[in-house]
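Below are two complexes that have subunit A in common, paired first with subunit B and then with subunit C.
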Partner chain A sequence: MANRNGLKGFFLFLIPIISLVAIWEAVYLMDIIKVLPSPAQASNRLVSLAMTQRDGIPLLLRHVGTSFYRICLGFSLAMLLGVPLGLLMGLNRYVNFLLKPLFSLVLPLPTLAWVPILLIVFGMGDITIVIAIFLGGFFSITYNTATGVRGIDRDLIRAANTMGASRLTMFTRILLPGSMVSVIAGLRLAVGYSWRALVGAEMLAAAGEGVGSFIFMARQFSAVDDMFAGLVIIMLAGFVMERFLIEPLEKRTVRRWGMTRD
Partner chain B sequence: MGNDERLTSSISSKLETRNVRKEFGSGSQRVLAIEDISFRVGENEFCVIVGPSGCGKSTLLYLAAGFEKPTSGEILLDGKRIEGPGPDRGFVFQEFALYPWKTVLDNVAFGLEIQGVERKEARKRAERHIDVIGLKGFENSYPHTLSGGMKQRVGIARALAYEPEILLMDEPFGSLDAQTKKLMQRELLRVWEHHKKTVLYVTHSVVEATYLADRVVVLTARPSKVKGIVDIDIPRPRSYTDEDYLHVREEILGLLDEEVNKAFDKEKPALSAMD
Partner chain C sequence: MKLGRARGAIYSLGSFILPLLLFCLIWELISHSGLVKPILIPPPSKVFLELFEDRAEILTHLVASLKRLVLGYSLAALAGVALGISMGYNKYVHGYFHPIISTLMPVPGITWAPILVLVLGFGDPTLVTVTFIASLFPVVYNTSAGVSSIRKDHLWAARIMGASRFTIFSRVLLPSSAPFILTGLKLGLARAWRTLIAVEMIAATLWGLGFFIFDAKEYLRTSDIYAGIVVMAIVFIIIERTSFGTMEKRTIEKWGMVRDIG
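Up next, the complex of A and B:
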């Protein structure tokens, strides 16, 4: 990962973004895709969404806030259940033996395939969406954590055994930090998966609020600039989670411990 | 030879291996690593095990640590049979096995904390051990910032900190460069004299064994037995050029050479079958 400190780092970080906008603008000017709005139109739409209020809350904040709230619930749930289960799978041969085939079967299922079933059981609304997000993140977190535990140098476990470590100590103070590189890899994937799940589930199960349903509703009015504004929001949201959740966690743990290169 | 050893008095023996045998795998995959090993290590004694590579000396150390169980026979520490790993033993690993997420201080204090020593007291005691091992000033460093020699200093301090009865060392300086290795051997003896601990030390280097040991146990090629036991009473610090030192070294080398040749001869049919 590039060094993001200092002016140089800032420009290095901007280059791909500016390039993307430039390509977008070029494609717009060439008029290859009839419906494509210009970057300016899309960002104007974002600004107007931020300015337009309903019940005293800007529309943009409504959609983004609702989606983030659902993401937080689903993602936290996936993390809180996935990490311990992954540790257990990595630690205990029998748990792994029982669960691994299940995981291999379920892992390739697109999260969206679950949504119609969830709709029947839980109906439209937050629960269905949150569970979809949970399913989107849970498997990659669990799977990666288990892989991480199995990758821990056996001597690290032996050393703790020699010192007389209890199972709990082994769990929290050896296995968890020892598998952190993989745990973080799993979380990073899960951020992506959970936004995908969210957008899909909101299109099918949300009553009017959330970024996914905002994009979907725009279809009724052929409001292409709305759709692109929505895409930009999702990209930014993923970026915000990477920058303010995953990277700080990485910096404070595995990078500080020298377990991964910069 | 090893079996006579058993008949001598057992009053001062700290660690004792009795007819230890170890097989790995089963059926046609079965490998006999250790055939029959019996010897004793006295209290505060520095005992070094040497043998041709692949002879099962590390396996023997793993059995003493309780990481593996012998197929038959037993290992006794203070007269009690070893059934599994435990804090009455300290283990020093060839590849250090430090916790990358713990600072030097926390690595050394970890064993004490597990033993239930209060955190502040554990850190205080760990600091003393870090001081003795010569790492003062590095308490808050993370292992990845240390050199190999410094890492193994932490490894030794960590194994000593919770005051085990015996120190088990598995080629602890095997991955260090020659200069650092010599320095660390000297340092180890200094620390050993400071703490007066029983040490069981595995190496393939006769030079190292002769420099460090009170007693050297030479193992045969696999499946291993005790080839011979050499007691060394040359005062420390020993000189690599001293006549007594060279004499003992030749004696051990003589024992070992036969076994190395034997191990080589065993490989030969396989080699000639290939051309």
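Up next, the complex of A and C:
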């Protein structure tokens, strides 16, 4: 919306947010909730986080960077393993028969339910967090890829077969474009799950750095302005991810393959 | 006819259970083989035995979680559908709330937990509020998308033929946006469940499935953790099948609004 209408759209987008901050300030001034910091305090904290350096890198960047590194690692692993397994499940009847019940059971599980086990096996730290992110994305990527491949019109496959398409042609011209919508839908879901898993796992397996552990540690010191600063960081990160990464990617790929639904 | 249907049901149940049994068997063998420490991967037989022995305790945890889920989720469903419909109906309401919703939606529900713990303390108020927040956004988002996607000529036609506001609402608006609203409610429920379990690990009181598995971690009781996970998976599948299965039949199938929603 902001892009289409230029400046006007941008302000129309901003006004409600500003009004929300105004309400926040009002609640603070009326002193209804004792622990609430003012918007100014939270943003001051945010600025000081961006200014304070440790080893030459601003604290803010350290936390965001660590989280970003973890989610990239976990999510790429999920994609690298999930898509091939999903294709296999979609193409092979037996693999599908064996794995489908398992996946439909595991899929709705909260990702963080695995964290206690991971904590016992791997302890606090990066490995646990990355695996939690991986698990968050892996199941929905695999499941959606398999559904996509199975949803391809059998006639198309038969037609290609009759006309003597090679295995490679079959893959690049029919299986890939045919399942693309579903694969992308799975990836999109998976980004959300991984993101949630990241913040949650960082709270539970706090290892010093990362936005989740930042907020969680702030609670232990009752540093409310820290917590709100962290909340704003997470809000911005999520928004940026949604707007500038997922939406353009979705538009480009799904539209280009001519597979828009509805 | 009836016999055939019964046979089909038995067949589909069998094809669901059989691979799971096979999986349990493999797991059991691995666990006994001594390749991994049995404390990390306890055999399923032990997990189910634990489940049976601790059934009273686990049931209390489950009931505590379900109470919170029902309370938080039903509040979110009511508020979310109401807000979503007014957003879809009125341009200005949409203009105001859309930026707020789309900024707050990617924030993982668990982020609010440390802040709410400071305000509301440990326990039910925090857990219910976080569940509410987590499930509110998908409901609002999908409902408003559904209402605003109604074909305008349907509305015009109803209005020209002199339908009252109430008739338009109950005969045009509600049926045609029902598939979207149900999608939103479904997503909301899944998110509520995930978030609740996660937050129970952090803002733990004494009861709740999330608390149960996180507490079991402290004493390295892995079979308890797996037992908790099994309960979570089964319970959620039952909830989803029973509630949404019948709801879909009663509403969108009856109204002839069945559509493929990805």
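The criterion applied here is as follows: the second predicted complex is superposed on the first by the 206 of 262 C-alpha atoms of A that agree within 3 Å, B and C clash if a C-alpha of one lies under 4 Å from a C-alpha of the other, contacts with A are read in each partner's own complex, and residues count from 1 in each chain.
Note that in this section a residue touches a chain if its C-beta (ideal position, glycine included) is under 8 Å from a C-beta of that chain, and two chains touch if they have at least 3 such contacts.
All of these numbers come straight from a predicted model, not from anything done at the bench.
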| item | value |
| --- | --- |
| Partner chain(s) touched by A:V115 [first = subunit B, second = subunit C, both, neither] | second |
| Touched partner set for A:L88, first subunit B, second subunit C, both or neither | neither |
| Contacts of A:L49 with subunit B and subunit C, given as first, second, both or neither | neither |
| Which of subunit B and subunit C A:A218 touches, first, second, both or neither | second |
| Which superposed partner A:T169 touches (first subunit B, second subunit C, both, neither) | first |
| Touch count on subunit A, higher of subunit B and subunit C | C |
| Contacts of A:F239 with subunit B and subunit C, given as first, second, both or neither | second |
| Which of subunit B and subunit C A:L156 touches, first, second, both or neither | first |
| Interface residues, subunit B side, partner subunit A - complex | 65-67, 84-87, 89-91, 93, 95, 97, 99-101, 110-111, 114-115, 142-145, 158, 162 |
| Residue numbers on subunit A that touch subunit C, as the complex places them | 1, 12-17, 19-20, 33, 35-36, 97-102, 104-106, 108-117, 119-121, 181-182, 185, 192, 195-196, 199-200, 203-204, 212, 215-216, 218-219, 222, 224, 227-228, 230-231, 234-235, 238-239, 241-242, 261 |
| Touching residues on subunit A, where the partner in the complex is subunit B | 153, 155-156, 158-166, 169, 173-174, 177-178, 180, 253, 256-259 |
| Contact footprint of subunit A on subunit C as seen in their complex | 15-17, 19-20, 22-23, 39-40, 95-100, 102-115, 117-119, 190, 193-195, 197-198, 201-202, 210, 213-214, 216-217, 220, 222, 225-226, 228-229, 232-234, 236-237, 240, 260, 262 |
